[in-house]
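What follows is a pair of complexes built around subunit A, which joins subunit B in one and subunit C in the other.
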Partner chain A sequence: MSVAIKLEVTEAINEVGASFPGHQVDIEPDDQGGAFIRVHEIDLGSAYKPSATWVGFQITFQYPFADVYPHYIRHDIARADGKVLVTPFNHNQTFALPSGGVSAVMVSRSSKRRDPVTDTAVVKLAKVLDWIRSQ
Partner chain B sequence: MRNVEFRIPQIMFDELFAHLFPGDHDEHGAVIAAGICESARGTRFLARKLFIAREGIDYVASKYGYRALSADFVARVSNFCAQNRLCYFAIHCHGGSDSVSFSGVDTDSHKRSYPALLDITEGGPVGALVFAQNAIAGEVWTRNGVHTLDSMTVVGLNHRRLYPAPKKSATIADNIYHRQSLLFGARGQEHLKGAKIAIIGMGGVGSLVSEWAARVGVGEIVAIDYDKLEPSNNSRVVGAMRWDAIEALLNSRFAALRALGKRLSTFKVHVGRRVARAANPKVKYDAVVGNIVDEKFALKLKDADYIFLCADSMQSRLVFNALVHQYLIPGVQIGSKVSVDRATGDILDIFCVSRPVLPQPNGGCLWCNQLISPAKLQEEAISEEQRKRQAYVDDPTIHAPSVITLNALGAAQAVNEFLFSLVGLHDDEGQVAGYRMASPRARRWSKVGCASETSCPHCGDMKTSVFAKGDRASLPCRAAS
Partner chain C sequence: MSSQNSSPQDARHPSPKQAIVLDDALYPMPRDRMTARDILDQAGAPAGVVLQRDYNSPIDHIFGDDEMVDLREGNVFKTIPHCAPVPCATPDTRPKLAFVADDVWEVTVNPNQTGHSLKRLMGLPHTAKLFRDFESPIDQPIDDDEKVVFQDGPVFTAKGYSLTIKVNNNAVTVAKRRMSGLEIKQAAIDQKVKIEIGFVLYPIDKDGNLGAAIPDNKVVLFHDCDAFRCVAPDDNS
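Presenting the complex of A and B:
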C-alpha cells in the first residue's frame, strides 16, 4: 500500500507551484510521506548553455525540519564561457525518481541552520537558483 | 473518559500559583488553553497557554456568586481555543490547603456556561479547575458527558502531583526494594511502580537503562529498536549471550549460512525484555521491533512518564524532541563519543553526555541547542544507495569505538535524573537547564548551559509550535501506510 504525502509536504509543493506559474511541476511520492518534485523550464541565465533546465529535489517526510537538498539540474548543462563546473556542482549523478532515475548534475547546497517556518522548500529553491545564476 | 490527568509545566504552574495565592486570601481566576492526549492509560490534558484574568477587568463581581470571568475575557480566550483546536479550562482558587472541591455556585455556573463553550470550541473538551494551596479538583465536559479530574502533574525538575484530597498512605514497599526505599520512600517506590518509561534504542546504552529501570521497580517499560544483535554487541549489550548472535554463521563465507545466522540472531529488544524480566518478573515489558521514526511506533510513547533516547540518529532525536514537547513528557538524551583522527588513528577526545530535556522554555530543547541537524535529517531520509552515490556518509563498515563503561557513565547520570525527578529528590529547583558531560580522559564532569528560542517549533510559543498540542498536532514521523 502506498504512503500518502504528508500535509506539510503537500503545502510546500503547493507553494512551489504557486511561485512558478506556467511551469510544469511533476510530483512523485517517495513512499515515506515525502515527494520528489521537478520544476521544468527554469531559466539559469546566459552564463549557462543551455540556459533552460529542469530543477529536481526531494522534500522528505521530516520537512520542514529537514533541509531540502541537494537539487538536480539537467545533465548536459555547462558554462557558456567554457569553464568547468566545480563543486558543489557534481557531474554524473542521478535524480532518483521512483519512476526511473534521470541523469543529472547535482548541486549540493546544504543549510546548517534553518527556521522551519520561514525557510520553506520554495525559499530554498529560490536561494539555490540565485546562487547558480550568480556563479 | 477515565484516569483523567492534567499536566502543566513547572514554569507555568509557578506563574499560575503566584497569581492565585498572592497572600491576600482572596479569590482569583485564570484560563488555561490545553492540548489533549488520549491513550489506553487514560486522558491527559496538556497545558499550553496560560491566560491570567486581571482583577476588576477580566475577573469581576458576579450576579450568581462572588466573582466570575468577564464575558469579554471568556469570549476572547474561547475563540483562541477554537482557532487553535485547544481545550478551555477555567481556573479559580478556594481557601484551604490539602483538600478542595467545587461549590454549588461553581457547578451551577458550569451547567450554565459549558454547553455553549463546547459549541464555541467545536467540541472542546472544556472544563474547570479549582485550586487550594496543595490540592486541585477538576471537571471535564465533553459532548458525551461530564468527567472528574483525577490528578494534576507538575512537570519540572521534580515531578509534583496534586489531588482533590490527600492520597491514602503508600503501602510498605516490597522487601526487595527496602534499601532504595530508605531513599525514595514508600510513596516514591509506588510512583516507580506506576510509571511507564520508554527507551528508544536498545544497544549499549539502552540495554543498561532497561535493566536498571526494571531492577529499581519501574512498572512498565516500552523498548523500541529494529536491530538484531551482532557478535560485536556482546561486549556492551547487557544480557547478550553468545548464542544470540552466532558468529560462525554470521561470518560464514556461504551466503545461505549468513542469512540463516541473521535470521537466528536475537532482536535487541528481546534481550532487553529477557534481562528485565529476570530482574523484575512483575514488570510489564513491551518489546517493540520497529523504528521510532514510524508514526505507529512513536505513538506508543505518547503516554509515557519519561523517555530515554539511547539511539544516535538525527531522525530519532527529532521525534524524541517532538514527543517531549508535544506531549509534556520529560526525557533525556544519552550518548558517548570517541573521536579518532582518521589519518593517524590517534584518539582525539572522549566524552559521555546526558542531556535532560524538560518540556518548557529553556528546558534543554535539542532543536534550540542545534543538536538536530537539518542536513543530516535529509540525508538519513534518502535511500542508502542515494547516500552512497552522493558520498554523504562515512564508510558504514568502519565502526566508531564504543566501551560499556563509557556508555554506563551517561546512562547512570540519566537514570538518576529520572529517579530523582520522579520521587522529587532534586534540590536545585532554580537550575533546570543544563546538560551533563563527562570527559573521562580529564577525569572531569561539567555542566553545559542551554539555549532557548521563542520561535522554536517544539518549545516555543508561536502558533506553529507543537508545544503541548498532544494529539492535535502531527509528529515528524514517517506516515503509516
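Presenting the complex of A and C:
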C-alpha cells in the first residue's frame, strides 16, 4: 500500500521549488512518505562540461531527522580541464526513480553534524552545489 | 553656508570629508575640488580611461584630465575609454549625488535633505544618531528636522543604534550594517547561537528562500530583521 508524501517532505519540496524559481522541478512519491526530486538546468559553472545539469535526490519519510543524501547529477558531466572526477563523485550510478532509473554521477556528501531544524533539504542542496562549484 | 573644502585645512574650521562613487565603488577624496586625473589616480584607475560624471540622463559629462571637478556638484562617476571631453550642456539634467554613511552609499538627485530623510535614504533605523563627518575628531550632529545640503559634505556617520538580525531563528544584535560573513558568525556565537565559526552561512530572503553562501571574507550590507542560516559543512562519504 502506498503512503502519501508526509507534510514535512511536502514543505521541503516547496522550499526547494521556491529557491529555484524558473527551474523545472520534478517530483515522484516514493510511496513510503518521502519523494524523489529532480531540479533541472542547474548551472555548475565553467569548471564543468556541460555546465548545466539536473540534480536529483530523495527526501525520505524520516525527514527532517534523516540526512538528504546522496545527490545525483547527469551521467556525462566532466571537468572542463580534463581532470578526472574523483570521490565523492561516483560514476556509473543510477538515480533510481520509481518511473525508471536514470544514469547519473552520484555526489556523496553527508552531513554528519546536521541539525534537523536548520539543515533542511534546500540548505543541503545549496551546500552540495556550492561544494561542486568550488572544486 | 556651504563649506569651501578646496582651501588649505584650518584646524578651527575642519573640512567635511569627501567621497566619490566611481564605477560602483566608494573612494574617499582629500578635498572637494580636484582635477579629473587626480581623482582617477586616487581611485587607482588605469591611464587609458577618463572620468565621466553620471547624470540622471543619458548625456553625461566627460572631463578632460586637467579639468577641475567640483565634487559638490555631483560625486558619482564612471570611467570610460580615453576620448575627448564632452560637457553636459543640457540644462534640466541633474547629477547623481551619493550620500555616504558608515561606508554605505545611496544615490539620489535631491541635494536637499533633512536628517530624517537622509536616515530613510540610507536605510538607517529611526533611533540612529546622524553626524556629518569632518576631517577632525569632532563631527557635527544632525537632528531629524535639520536641513542637510549635499554641497556641505556627503559623508556621515551613524551612531547609537543597533540592528537585530536572525541567525538560525535566533535574534542577534549588531551595531553596524556592514559585516563580513566571519563577523556575522562571530557575533552570533558571542550571543550564544549554537553554531561554529567553520559553519556555512546563507542569507534568507523575505520569502524565506535561501541565497548563495556568504564566504567568510565577503562583506554584507544588511537591514533590521535580515535572516541567515548557518549550518555545519558536509563531509565526503
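Just so it is clear, the second predicted complex is superposed on the first by the 134 of 135 C-alpha atoms of A that agree within 3 Å, B and C clash if a C-alpha of one lies under 4 Å from a C-alpha of the other, contacts with A are read in each partner's own complex, and residues count from 1 in each chain.
Operating definition for what follows: contacts are C-beta pairs under 8 Å (C-beta built on N, C-alpha and C of every residue); 3 or more make two chains touch, one makes a residue touch a chain.
Please read these numbers as outputs of a predicted model, since none were measured by experiment.
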| item | value |
| --- | --- |
| Combined model on subunit A: subunit C and subunit B, fit or clash | fit |
| Partner chain(s) touched by A:A18 [first = subunit B, second = subunit C, both, neither] | second |
| Contacts of A:V3 with subunit B and subunit C, given as first, second, both or neither | first |
| Subunit B versus subunit C as contact partner of A:T60, first or second or both or neither | first |
| Contacts of A:K127 with subunit B and subunit C, given as first, second, both or neither | second |
| Inter-centroid angle subunit B-subunit A-subunit C after superposition on A [Cα, multiple of 10°] | 100 |
| Greater subunit A contact set [subunit C / subunit B] | B |
| Touching partner for A:R113 - first (subunit B), second (subunit C), both, neither | both |
| First, second, both or neither for A:V84, with subunit B first and subunit C second | neither |
| Overlay on shared chain A, then closest C-alpha pair between subunit B and subunit C (Å) | 9 |
| Common ground on subunit A, meaning residues reached by subunit C in one complex and by subunit B in the other | 69-70, 108, 110-115, 117 |
| Residues of subunit B that touch subunit A when the two form their complex | 315, 318, 367, 370, 372-375, 377-378, 381-383, 385-386, 389-390, 455, 457, 462, 464, 474, 476-481 |
| Of subunit C, residues touching subunit A in the complex | 168-169, 200, 202, 207-210, 212-213, 229-237 |
| Complex contact set, residues of subunit A against subunit C | 15, 18-19, 69-70, 87-88, 108-115, 117-119, 122-124, 126-128, 130-131 |
| In the complex, subunit A residues that touch subunit B | 1-4, 6-8, 32-34, 58, 60-62, 64-70, 90, 93-94, 96, 106, 108, 110-117 |
